[in-house]
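Let me give you the structure first, and then I'll get to my questions.
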Amino acid sequence: MSFGESHGKAIGGVIDGCPAGVDLSVDFIQRELNRRRPGQSEVATPRREMDEVEILSGLFEGKSTGMPIAFLVRNQNQNSKDYTHLRELYRPSHADYTWEKKYGIRDYRGGGRSSAREHIARVVAGAVAKQVLAGYGIRIRAYASQVGNVVLTRPYSELELERVEENMVRCPDPETAEKMIALIRQMREEGDSIGGIVSCLIEGVPVGLGEPVFDRFQARLAHAMLSINAAKGFEYGSGFAAASMRGSEHNDPFVVRKGEIHTATNYSGGVQGGITNGEDIYFRVAFKPVATIMKRQKTVNRAGEVVELEAHGRHDPCVIPRAVPVVEAMAAMVVLDLLLEARMA
Amino acid sequence: MSFGESHGKAIGGVIDGCPAGVDLSVDFIQRELNRRRPGQSEVATPRREMDEVEILSGLFEGKSTGMPIAFLVRNQNQNSKDYTHLRELYRPSHADYTWEKKYGIRDYRGGGRSSAREHIARVVAGAVAKQVLAGYGIRIRAYASQVGNVVLTRPYSELELERVEENMVRCPDPETAEKMIALIRQMREEGDSIGGIVSCLIEGVPVGLGEPVFDRFQARLAHAMLSINAAKGFEYGSGFAAASMRGSEHNDPFVVRKGEIHTATNYSGGVQGGITNGEDIYFRVAFKPVATIMKRQKTVNRAGEVVELEAHGRHDPCVIPRAVPVVEAMAAMVVLDLLLEARMA
Amino acid sequence: MSFGESHGKAIGGVIDGCPAGVDLSVDFIQRELNRRRPGQSEVATPRREMDEVEILSGLFEGKSTGMPIAFLVRNQNQNSKDYTHLRELYRPSHADYTWEKKYGIRDYRGGGRSSAREHIARVVAGAVAKQVLAGYGIRIRAYASQVGNVVLTRPYSELELERVEENMVRCPDPETAEKMIALIRQMREEGDSIGGIVSCLIEGVPVGLGEPVFDRFQARLAHAMLSINAAKGFEYGSGFAAASMRGSEHNDPFVVRKGEIHTATNYSGGVQGGITNGEDIYFRVAFKPVATIMKRQKTVNRAGEVVELEAHGRHDPCVIPRAVPVVEAMAAMVVLDLLLEARMA
Amino acid sequence: MSFGESHGKAIGGVIDGCPAGVDLSVDFIQRELNRRRPGQSEVATPRREMDEVEILSGLFEGKSTGMPIAFLVRNQNQNSKDYTHLRELYRPSHADYTWEKKYGIRDYRGGGRSSAREHIARVVAGAVAKQVLAGYGIRIRAYASQVGNVVLTRPYSELELERVEENMVRCPDPETAEKMIALIRQMREEGDSIGGIVSCLIEGVPVGLGEPVFDRFQARLAHAMLSINAAKGFEYGSGFAAASMRGSEHNDPFVVRKGEIHTATNYSGGVQGGITNGEDIYFRVAFKPVATIMKRQKTVNRAGEVVELEAHGRHDPCVIPRAVPVVEAMAAMVVLDLLLEARMA
């Protein structure tokens, strides 16, 4: 459960169902939040907010108590008046039009509730989930695998994922990272934006997560990923490439390694019949280019009149670098939820 | 809610929350079911079952009463003994291994609960949802857009979707359909299988469906699609192609047409900020090649011994033709659920 | 999840989430169903239906598979035309008026979905839950503790609950049972009906069931009990009597017995702070007199005209005897649900 | 969703699903909160906290936006060290023992999460619900109808409910109120506590609320009421008295008044077949005497040793006066939830 608007008092959330007795580091939560923070690098929006998390409940003497963990991050620039010109018009490919039609009212300041600032709540909750999962040997790591036409083609098994944080685009391959950064810089200069793909690897998940038939592991993961702002697609294992494969090449033969049953290949992406099979889980999430661009655009206002719109400063030309921790956070919550539903935690 | 195993007594389900007072045609439900029925054409499995639906409750004098609508389809060949040889072994890329590990027990006959026969329940429920949606002017149509390397590249707006049922592969372009059928025939002859993609168009959805922030329209749709057997990926609107697009080309400008606000292009796929915007909704679902192939494969059994497996007759070499009505059914349920949640029905 | 109408094709349900690998006796389920069956004794309605249960799914070789267990009981007299005279009028203190206003349509035959025949589904599901709970040493037994002014005042600890089935009113005290039966007979002769109370004891529940703060054990139990037809009130432990008690007499002192912590008294009814404390759980459910009586009554019809109504034969003058297994069934489902939610099963 | 512990940083909650566009007065919310506030009168605990509510989200220019409304009330005395002596022992009839056993950890300061301070969140959310309901002409008023043996026997229709706030025990009958207050004073002097009953009237509810069969109106209400601290029983309409009534006296005959269908009597308490029938809804909730008393009590500690316990100052001898607004708040949430589920709001 998350709450809060971009320019309201705070963004926050309540985590319900966290197991009791887990050591939870607030420092770790803050560090994860810093990975999503605006203004952290040249390729991210220069809007600088401290985004400091406060835990309100559910923690006692450093441990979770099993009770709801509420938290909040106060917004710094809540009183800014930058946004009044957006009151009457609908920005292209933003939520302005649909939210206003659905609710009859919208907080137009910085996108209000539809702003990606809402992701703060997800990162905090994900940081809690990650700490619980660590106790079960489960690790989740995402990275930039595509920005525009710059594509990281090597499979995850050939990458050094511990290097993800070494560059500001969060691509584990330094050479590709350079190209991605160059492209994002170019977009910034041109006042344009660019899409991309985040890939994610989940290691250490035991056999048995996923609840057939409607709550298959991949269904829950897809739900979570498509709930992220700007996400346009999801695939796991072989994904869309499976469409042009044959069964004889796609099937993952079972083999025995060190006395345990494994699969020789992993086109299944760690999930068979909707249930995890103990292999690595990997998936990819496509993101559209940011809708806010620095170019002049035509749009319409409430009265149905054509108007011109031009955004100013302070926006990411590409969501990918800051989407990486959000993808990880959502994945962590899905895995922990299903671990609990399977009564394995 | 669905229930039933491939070789148990019946497959069925209970539809909860269907609005009262809707005229429901059982004939229409049966016709939809016939579209999914095995043995309906040369490219589908020759296993012939009548799959006749019986409605048990929730209908009175031809109308829904608002009460749960229960239905069942009796299985014809429930006593077959074809499957005892599968008792001890794990078929590659099937659910055998994961379900047995999760539950400690599995109905090994024809995949049991993990069989695609479970989709019967979805098609029946979807046929009810379609009838309710028709009253709101909402229409859902899916079609085969890729089988192996045979790709239908033309966008939905250039296709004659009313021709989908004219060929057995359910591709609205006759020429492409022929190529798809030829490829599936080849797979059958080679004892192999092939993947593909189903595309789907939803027309007539009003502005306002989708519940921010976690139950965005696309998140619910992705959840539903990835819960279908063999589905590997989902994308809507521009989808994965958005990754290499710029904001200036991807943004959908608002325009006024006939006094109503629309978008000039529709890369958004009918959804903005997680809420439908009144434009056409379109999305694609990738499916893997069927895991059951007629070639000899190595696998392991419960004891961890390597064994050989060879399937016999009676299996679709490609799920795409019969997945088309399942995709439509799941889409119908998602749209109706969100219409009800938005209190617009 | 239950489905079905009194005079539709069948009453049934689907049990979701039953743990896998439990030996389930269909005979036991049928025996429980027989306890609720109409026409079983002189004090119950003479309407005779066999109420034979058929299990459709979720069972394999006598064990639960973890998959949904669907079941149905076909209605015998579904084509009867006894009820057309009820089409236009609203019986006093029945669901006729409210359901018609809410749904705009109702199956008027025998109360349709609002009939107590729906309880069949609860008894079947409860019989499954009881079998699962038996594996954890949990036992649930209800009994008639009041019929009209005939009150069984002795506390449960002084009763021989194994004698409940010895008389047709299901009161464990033979003397009180006789008086209850006499009163019900008198009601039948007078064409009237009478209310009563069912008491229930749950033994063997471990410490820890109940999910604070909204899903306290007693809250879930109250929800379940008030969902039974004709139920008017719920109390647990000291119940309404607590209103006139002092803290110094009501508090249950902790003591140590055989090395384990217990309470010396049990006004708490086995629940403290919304969580079971390992002591006996006991509660009481009040039922109103059956609304269908053999006396002439005035009421109104759809047109708002005053009309006369007189029921004929075939109705219980008191729900208590047949409510006993329903109370047990609902209690069993609540306990099992909370055992699963606490991840203790 | 509520969060927070008695001596943590704050008590708060998040209201999800509040309709958009409703004028919400924060002043009204604060006034409702003041009715529950400790130290408000001589019969309530002298522990003085301001309990000031802060709304964090979901409100824009004084109106609800349809987004989650988060709020919090900071605790004033969170750093007190009064409670360390409770760390090792289990207070009789408190949640200490069960919560510690369930979670393995507990915030022992002032009962932590099990404290009645959690009701703050309910009162705030209820105050929001009340404002929404007022727009539909629905009004909810509760009052003290019993304290110990002091019983208000007159039915609600003979009472002047607008006088409830005139005395500190919240009994609308001044004479009975005096007796109640005298009894509570006596309890305080004796260091003891006393139970009681809160009655509640809901007026203006339209026909049609309640979702058969498991979410009947009364089932949801019972669930909500039994989730309140210290509640021991619930009854609606005739309640437990129905047990000794006959059908011929209990049935509510339908009549036509001013062209509308009503019932002549209202033993049904405004609900028939689980659905509201448009008549007044009334119900009663029994509360146990407060477990914290100023008398010396024996109990055991973690080590299983018998220890003595004696509480000091600052506790209500009777929950009834401050339970009145909590009962109203929970009722308001149930009614609004069901109004929304029925798609009537």
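Order of writing sets the chain letters: A, B, C and D. Residues in each chain are counted from 1.
As a convention for this text, a residue touches a chain if its C-beta (ideal position, glycine included) is under 8 Å from a C-beta of that chain, and two chains touch if they have at least 3 such contacts.
Because the structure is predicted, anything quoted here is derived from the model rather than measured.
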| item | value |
| --- | --- |
| Most widely separated chain from subunit D, with each centre as the mean of CA atoms | B |
| Pair sharing more residue contacts (C-beta pairs) when A-C is set against C-D | C-D |
| Whole-Å separation of chain centres (CA-atom averages), subunit B against subunit C | 40 |
| Distance between chain centroids, defined by C-alpha means - subunit C, subunit D (Å) | 27 |
| Centre distance in Å when subunit A and subunit C are each reduced to the mean of their C-alpha atoms | 47 |
| Multi-partner residues of subunit B (at least 2 other chains) | 2, 67, 102, 113, 212 |
| Interfacial residue positions of subunit D with respect to subunit B in the complex | 67, 212, 340, 343, 345 |
| Complex contact set, residues of subunit D against subunit A | 1-5, 8-10, 12, 14, 16, 20-21, 54-58, 60, 63-70, 72, 102-107, 112-113 |
| Complex contacts: residues of subunit A adjacent to subunit B | 2, 90, 92-99, 101-102, 113-114, 118, 146-149, 187, 192-197, 207-208, 210, 212-216, 218-227, 231-240, 242-248, 250-256, 259, 261, 263, 267-269, 271-277, 286-293, 295, 297-300, 304, 306, 317, 342 |
